[in-house]
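After this come two complexes, each holding chain A, first together with chain B and then together with chain C.
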Partner chain A sequence: MSQVDTRGLSCPEPVILTKQALEQGTLPVSVLVSDMTPLENIRRYAENNGYKVEEKAIADEWELTITK
Partner chain B sequence: MSTKRKATLIIIIAGAVAGLAAVILQHLGNPGNMGFCIACFLRDTAGALQLHKAPPVQYLRPEIPGLILGAFALSLLRREFKPRGGSAPITRFVIGAFVMIGALAFLGCPFRMVLRMAAGDLNAWIGLIGFVGGIYLGTVFLKKGFSLRRSEAQHLSEGLVFPTIGVLLILGAALGATVLAVSESGPGSMHAPVLWSFLIALVVGALVQHSRLCQAGGFRDVFLIKDLHLLWGTIAMFVVVLIANIWQGSFNLSLTGQPIAHSDHLWNILGLGLVGFGSTLLGGCPMRQIVMAGSGNSDSALTVLGMITGAAFSHNFGLAGAVATAESAGGVGANGRWAVIIGFVVLLAIAFANIRRRKA
Partner chain C sequence: MIQTIDFFPPIVDDPYEFGQIAAANSISDVYAMGGEPKTALNLLCVAESMSKDVIRAILAGGADKAMEAGVIIAGGHSIEDPEPKYGMAVTGYAHPDQVRTNSGAKEGDLIILTKALGSGILTTALGADLLDKETEKLVIKTMAHLNKYAAEAMQTLSPSACTDVTGFGLLGHLAEMATGSDLSATVISQNVPLLNHAIAFAKDGIIPGGAYRNRDFLKDSIEISNEAKREIVDILFDPQTSGGLLIAISEKDADTLLKRLEGAGESGVVIGQFKQRSSHAVYVK
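This part shows the complex of A and B:
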C-alpha cells in the first residue's frame, strides 16, 4: 500500500501525484484530499483508467482508497 | 445516470449557459464579442477605481461581483466554502499580473477568445495557437515537478474578505457611486443594465463553481491525463455562441472588421501564450481564479488582485494592444512587446525555481 498526501495542493498536482503512485503499481493507493475539486478529478482519473475508488470522510477532508 | 455522465452533463450545461450569458449581455449592451470577458471586466473595474486613467475603459462591471458572489453562495450551499491560503501568495500575485498583461496584449481572456472565435474573428483562432502552446509549456513544468506548495486552512474571516469586497463592489455599482470613473465613449461606455449584468453573472459564477469549468484546465488535462472532461465546457460555450452568431447574422469569418481586435499575429500568439502558461502554473484560468476566490481561496483572491494590478500597469504604461480602426492597424506597441517578453522571462524563472522532487 502506498500513500499520497495531496492536501492543499493546487490542481492538477493531486491528479499527477496519484497518477505517479498508480503507475508505480503498489496497490491499494491511499490518497489524502482536502478539497472537492481534486477529489472529483482523482476519482474521474482513476475510474477512467479502470480503478475502483472508495471514499472516506475524515473531519472536513477525505481519504480515497484506490484499488483495481 | 452514472456520476461520470452527470458530471459531463453539468460541465456542458455550465459552458453552454456561460456562452448564452455572453450572448444575452451583448444584446443588453455589453461591447462586441465582449458579452463576458474576465480580463476586460477586471480592467474596466480597475479603471472605475481609478487605478488607471484610460478614459475608454472605466466602468465598474457588475459581472465581477456577480461571479464572486455566485460562487460564494453556491459554495456555502454545497458546504464547499473553505478558507484556504498560503501557497506562494506573492508568486501567484506576480503570475496573475503577467496573465493580465498577456490577455490585454491580445485584447481578451480565454473566455473572450472563445467568443471571438465563435464570431469568426480569425485573430482569435491565431491567438488560440499561443494559448494552447502556453498551456503545453506549463504542463512540461508540471510533469517535471513544478509546485507552488501547499495551502493551509485559514480562519473563516480570511475566506470572507473577498466575498465582502464583492458586496462592496456591487453596492458601488448599484448605487452609482460618484467617486467611480465612468467612460463616456469606448468599450467602458457600453454595458448592460447593472441588475442584469449582476444577476446573469451570479448564475455563471454558481455554475462555474459547481462544474469546476476552467478554460486552461480543459487543454491542460488533455495534455496531462488525456481527459476531455473540462474541455467539454469550452466546446459547449463555443458551439452555443457560434449558433447564436450564425442565427443573428453576426458571424464574420475574417481577420479584419472585428470588434475590439487587432491583427498583430505574433503578439496575439505570445499574449495568449503568456495567459496559457501563467494559468497553468496557477492551476486555473482567470475566471476560475475569481470563482475559487469567492469559494474561500485567498491565494486565488491575491491572484485576482494581481490581475487587477496587471490591468492598471497595462494602461498606465501603454502595454495593452491597440484596437484596429479604419485609420490604424492597431497592435501591440514596443512597451507591450517588452512587457510580454519580460512576462515570459519572469514566468520561466518562477517555473524553474519551483521545481521540486516530489515526495508523496
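This part shows the complex of A and C:
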C-alpha cells in the first residue's frame, strides 16, 4: 500500500500525484485530500481509468482508498 | 449606453495572447446586449517582476483586439500588484429598442450557442503543462475570438434573449436566463459543442474548482438525467473565459441565424429549447 498526501495542494497537482502513484502499481493507494475539488477530480480520474474508490471522511478531510 | 468591466490574471503564458483574450472577454458583454462597443479604458495590475516588454505585449494584445472591435482605448490606469491582471472597462451604445437582456426568452425559443465549451478545463490543463501545442492554439484562438461576428449575424432578427457564457458556465448562465424569463430550458447534452480534448481532460479529473462550485450553487435549479454523461455535464458547469453568445430565438428565425453564422465562419449550434416553467430552471438530457 502506498500513500499520497495531497492536503493543502491545489488542482491539478493532487490528481497528477495520484496518477503517478497508481502507475507505480502498488495497490491499494491511499490518498489524503483536504478539499472538495481534488476529491471530485481524483474520483473521476480513478473511476474513468478502471479503479474503484472508497471514501472515508475524517473531520474536514478525506481518505480515499483506491483499488482495482 | 452600455458599460461593462472585467479583468483577470493571466491564463496563458504569452503576454500578447493574454492581452487579446482579456480584451475580447471585456468587450463581449456589449455584444451580448445588442450594442456596439465604442470606447474602453485599460485596467492593468503590474507585478514588480514584469519586464517592460511583457507589459507592452499585454497592452498591444488588448489594443489590437480593441482595433478589431472598432473600440478606441481612451486611457486607463495601472497599479502595482504581486499578481498581474489585465482587462478593460468598455462603453458601448445600443438603441433602447434593440437592447437585449438575459430575461426575455419565450416559450418554444431555441437555444443557440456560438462557441464550443471547455476553456476552463483546457486552461487548467495548460497551466499544468498537459496540453499539446495544437489544442493550446485552439483554446487560445477560441478565447481571443470576438463575439462581434456572432452579434452581427443576429442583427435584424431580434432574438428574445442573449447573454455571454463566462464564469458561471453554460448551465449557470442558462439557469439565469430561464429563471429571468419564467421558463424552463431543456439542454441536450450530446448536442453541446465541446473543444477538442475537453472530454478526455474532464474524464481525467483536470477540472477547475469553479466548475464544482457552479454545480453546488445550482444544485436546486438543475435536474440532470441519468442519460447525460458525467464528463459532459462537468463541462456544462465549466467556467468559461471569453465564452460564446447564448441566444434564445424563435424557431422561425433560428434557421436564418444559423445560416448567417455559418456564412460568417462562426460556430452556431442548437443545444436545447425553452419550455413552460416547471420545477427546475434547466433540465439536462
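Throughout what follows, the second predicted complex is superposed on the first by the 68 of 68 C-alpha atoms of A that agree within 3 Å, B and C clash if a C-alpha of one lies under 4 Å from a C-alpha of the other, contacts with A are read in each partner's own complex, and residues count from 1 in each chain.
Note that in this section contacts are C-beta pairs under 8 Å (C-beta built on N, C-alpha and C of every residue); 3 or more make two chains touch, one makes a residue touch a chain.
Please read these numbers as outputs of a predicted model, since none were measured by experiment.
Superposition of the two structures on chain A leads chain B and chain C into a clash. Among chain B and chain C, the chain that touches a larger number of residues in chain A is B.
In the superposed model, A:R44 lies in contact with both chain B and chain C.
By the touch criterion defined above, A:M36 reaches both chain B and chain C. With both structures placed on the common chain, the touch criterion links A:D5 to chain B but leaves chain C unconnected.
Only one of the stretches 79-87, 151-159, 169-177 or 313-321 in chain B has C-alpha atoms clashing with chain C after the fit on chain A, and that stretch is 313-321. Across the two superposed structures, the residue set of chain A contacted by chain B and also by chain C is 10-13, 15-16, 19, 35-37, 40-41, 43-45, 48. Those residues of chain C lying in contact with chain A across their complex are 124-125, 127-128, 130, 202-209, 212, 230-231, 234.
Of all residues in chain B, those touching chain A in their complex are 3-4, 7, 80, 82, 84, 87, 142-143, 147-153, 212, 214, 217, 220-221, 224-225, 227, 229, 282-284, 299, 358, 360.
The part of chain A that touches chain C in the complex is made up of residues 10-13, 15-16, 19, 35-37, 40-45, 48-49.
Chain A meets chain B in the complex at residues 2-5, 7-13, 15-17, 19-21, 34-37, 40-41, 43-45, 47-48, 60.
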